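Once you scroll down, you'll see the structures, which are given as structure tokens.
Each of the next two complexes has chain A plus one more chain, namely chain B in the first and chain C in the second.
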Partner chain A sequence: MIPPPEESILDIRGQVCPSSLLTTLRALNQHAASLRRGDLRLRILTDSRDAVSTIPAAAENMGFLVGVEKLPAGHYEVVISHAAD
Partner chain B sequence: MAGYLQPWKAAVVLALLGAATAAVSGVPFGVTTSYLKWMAGVEQGLSPAHVASLPIYGTELVQMTLPFGGGLLTGGAGPALDAVALMQYPLIGGIVFGAALSSYLLGEWCWYGRVPCRQLAAAFAGGILMAFGSRLSPGCNVWHLWGGLPVFALQSLLFIAGLLPGAWLGSRLIARIVLSKETP
Partner chain C sequence: MPPTERSLPQSETDPANLARLAAENAELRRNNRDVFDYIRAKTNQLLNTMGTRSLPPEELADWSLLELDPIGIVAQSFQYVLENLRETNERLQLAHQEVQAVFEAVGAAVLVLDPQMRIIAFNDRVRTLLLNAGGDMTGVLCQKVVCRSKPAMQNCVHSKVLASGRPEASADFYTNGRFFDVIGQPILDPQGRVTRIVLAYNDVTEHKRSQSDLLVALDEVRRAKEQIDTLLRTMSDGLVATDGKRRIVLMNQAAEELLGLCLHESPGLPLLDVISHAGLRTHLEAVARGEAHLLTDMEFVIDGQKRVFQARTTAFSSTAASDQGRITLLHDVTRARDIERVKDEILSTAAHQLRTPLSSVIGYSDLLIQAYHDIGDEARLEYLRLIHAKAEQLSEIVSNLLDISRIEASEGVTLTCQAHSATLICRDAIAGFLHSPSGHPIELVVRGEDVPILVDHFAILQVLENLLSNAMKYSPPGSPVVVTLWAGDGMGHVSVCDRGIGMTGEQAAQAFDKFYRADASNTAIAGTGLGLTIVRHLVEAHGGRVAIDSQVGEGTVVHCTFPLA
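Moving on to the complex of A and B:
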């Protein structure tokens, strides 16, 4: 049985464009290998509505799978994981 | 996604609004002269003689004929409620309260203070630089891109000639600031 991937949380609430995207790209590059192996899933918390458009577009261009969810507290959760084979 | 406005739709609405403003008042929208007016207002309370002595506060920047048979209205950077205040205050109010209303209606409104210090400092320094630049040009991106560029005003073309390398330099700097190891 394949173990579930680890989760890493990146809380970038309070940051606006372009900091949100830059900070996320740095984390994606740092964890690219683990993400691509499927060992890690990156959960990003952001309250910037722009970031909910820019981060998924950038991550998808890098070949990752991205999910966006709005949480009841008012901010967003962007989940980045390895692309489905 | 809720709250997302396609850029081309925003561009069309802004173009119509800008054209209507220019048609009615004869001058484009602006924002930054108001900041100077507020500064003049503060200084007026502290040192009225100094305000009166500075030419920038006494210069008439806008002269418009009110529509529908109204009289002539003038305005400048001085502390008075004049034509500049009439045109710029509602726009500034609309930007601030419109953004707040949008976030409130989407359930995003909250107070959040845990912003990385370096980004806070960078935003403050950027504000100072932009304010300084907007007085040198004179005018901000709203005035030049929204009002001057559509009529190919030489001043606005010069503004854009400075804006492009400035934006490039700013993007290099902000990337270094944000991605610095000290940033949490």
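Moving on to the complex of A and C:
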């Protein structure tokens, strides 16, 4: 049985500086190998509307699968995992 | 991190020095700002390159530019983007090769067209199935090479797909001597517009041919079945077929009527469970035991009449011997058995009838041979007359036997009827008896005018001769015989009247039966007992009737009717 992937949560709520996108990209770069293997899933919590469009675009171009969900608390959750194929 | 304040040495507070330092500071700040702007610009440039929006300056404070290293982060991410692009490219390449392989390997002819019907791509099957031609057709209008006829163009799948934006199909497209089922599939751009149309032509010529052959074969099977059904329905023999477990699978109408069963109620039932006829049960049980006698006679009563049937059971071929079905045929042999019986009767009667005159012939001829010179001329002549008379009698017996056997065996008589004068026929018949030694005067009485009758000349002569012969045999020599002729009730009537020994009512009732002789003890009167039987057969074959009116000691009248011409 394949074990479920580990989850790493990156909470960047309330963060304007440094950029949410760059913080996320730095985390993606760090965990790229684990994410690609499917060992890890990255959950990013953000309240920046800009980030909700920039982060998925960049992550998808890097070959990851991205899902965005608005949570009842008012912030967003961007889930990044290995590519669909 | 914000800059911290510090106290400066005295030499550095000199105004000129301060001014220089201020200028240097301003220069440094400018340089820093240029560097930060450069870093921001390059970061945004990289972000844009990897498909992401630029970052607003407030998201990257000056101090964080150095600490965060955005160019480093984005450049590394960009590396992953490139890697992803390379992998995607490889996958696309593979997919393209797969599509190309399918494109060439597929049995259908495939055309890829643009919305203007220009050929973008096509596989090899297009050449062999649709065109029978070579050369590059890319960019050519498909109508010029595929749909060259008007009817073909009217059913254009390309136009249908272009209009609907959905997959479309068309059956029985005919071109190049072949039939195709055509399927059209649109390829849409992100805005949902049709950019390409893929047309697949599936060759269904063989399929259609097979279908047509199958229909012909089915029709033949149906006709053969109809023929068998008709044969089974119309055959007079009863037929019952059973499977390997002796269950009824088929029964024709004749068998249904004979056995009092109905196929619709009996299929699948074991035959022995539904058959009540004892003879047939015995036959089937014998067959089941494997006994050799598979032909059995049995009686059935049909419409109150006894009829004889012969049951014959045979196995019909099957792959497994244990699963062999059987067919039981019930053949009506009543007539054959009747004929056999008649033949037996004729044979035994013939032997009996021939023996008496033959004994006389042998006796007298033997006497003539043995004592020829001892016998006087008169006696010799008398013996010869006796031999001759017995030979005549033998001839008549043989003739009657042949007649009755022909009449009985062929069930009815073949007549050639024509209009004849009853008077002339009667005269002809009477003429044959005028010189008989018995000396009976024969009178012909015609009431009214001559009667034209529709008869077979030879048959009617035989009837009259038999009647006259009987009249003379059974009446004293010299007594008159009267033949009367008249027309009435739409028929011609002939009666032969004698003043002979006559018959009782019982004898008269049996007079027409085969081999019946009213006075069998009187061997002096020669006869086979067939004369009146033949008369009745012949008269009835003409559609007439025959009746006897007789009184013992007074005489007999035989009365016949014949159709008028």
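We adopt the following convention: the second predicted complex is superposed on the first by the 82 of 85 C-alpha atoms of A that agree within 3 Å, B and C clash if a C-alpha of one lies under 4 Å from a C-alpha of the other, contacts with A are read in each partner's own complex, and residues count from 1 in each chain.
Here is the rule we go by: a contact is a pair of C-beta atoms (placed from the backbone, for glycine too) under 8 Å apart; a residue touches a chain by one contact, two chains touch by 3 or more.
Remember, it's a predicted structure, so these values are computed and weren't measured experimentally.
Undergrad: Is A:Val52 in contact with chain B, with chain C, with both, or with neither (first, second, both, neither)?
TA: Only chain B is touched by A:Val52; chain C is not.
Undergrad: Any idea whether chain B or chain C touches more of chain A?
TA: Larger number of chain A residues touched: C.
Undergrad: Give one of first, second, both or neither to describe whether A:Arg26 is in contact with chain B, with chain C, with both, or with none.
TA: both
Undergrad: Return first, second, both or neither, reflecting whether A:Arg13 touches chain B, chain C, both chains, or no partner chain.
TA: Touch partner of A:Arg13: chain B, not chain C.
Undergrad: Look at A:Val79 in the shared chain and tell me whether it touches chain B only, chain C only, both, or neither; answer first, second, both or neither.
TA: A:Val79: touches no partner chain.
Undergrad: Determine, under the contact definition given at the top, whether A:Gly63 touches first (chain B), second (chain C), both, or neither.
TA: In the superposed model, A:Gly63 contacts chain C only, not chain B.
Undergrad: Need the overlap of the two footprints on chain A, from chain B and from chain C, as residue ranges.
TA: 18-19, 22, 26, 53
Undergrad: Taking the touch rule as given, give the residues of chain B at its contact with chain A in the complex, in rising order.
TA: 1-4, 103, 106-110, 112-116, 119, 171, 174-175, 178-179, 183
Undergrad: Sort out for me which residues of chain A touch chain C in the complex.
TA: Counting only chain A, the residues touching chain C are 16-22, 25-26, 28-29, 32, 50, 53-54, 57-58, 61-63, 83, 85.
Undergrad: Chain A touches which residues of chain C in the complex?
TA: Touching chain A from chain C are residues 43, 47, 50-53, 55, 58-61, 64, 67-68, 70, 73-74, 76-77, 80-81, 83-84, 87-88, 91.
Undergrad: Would you mind writing out the residues of chain A in touch with chain B in their complex?
TA: 13-15, 18-19, 22-23, 26, 47, 49, 52-53, 68, 70, 73-75
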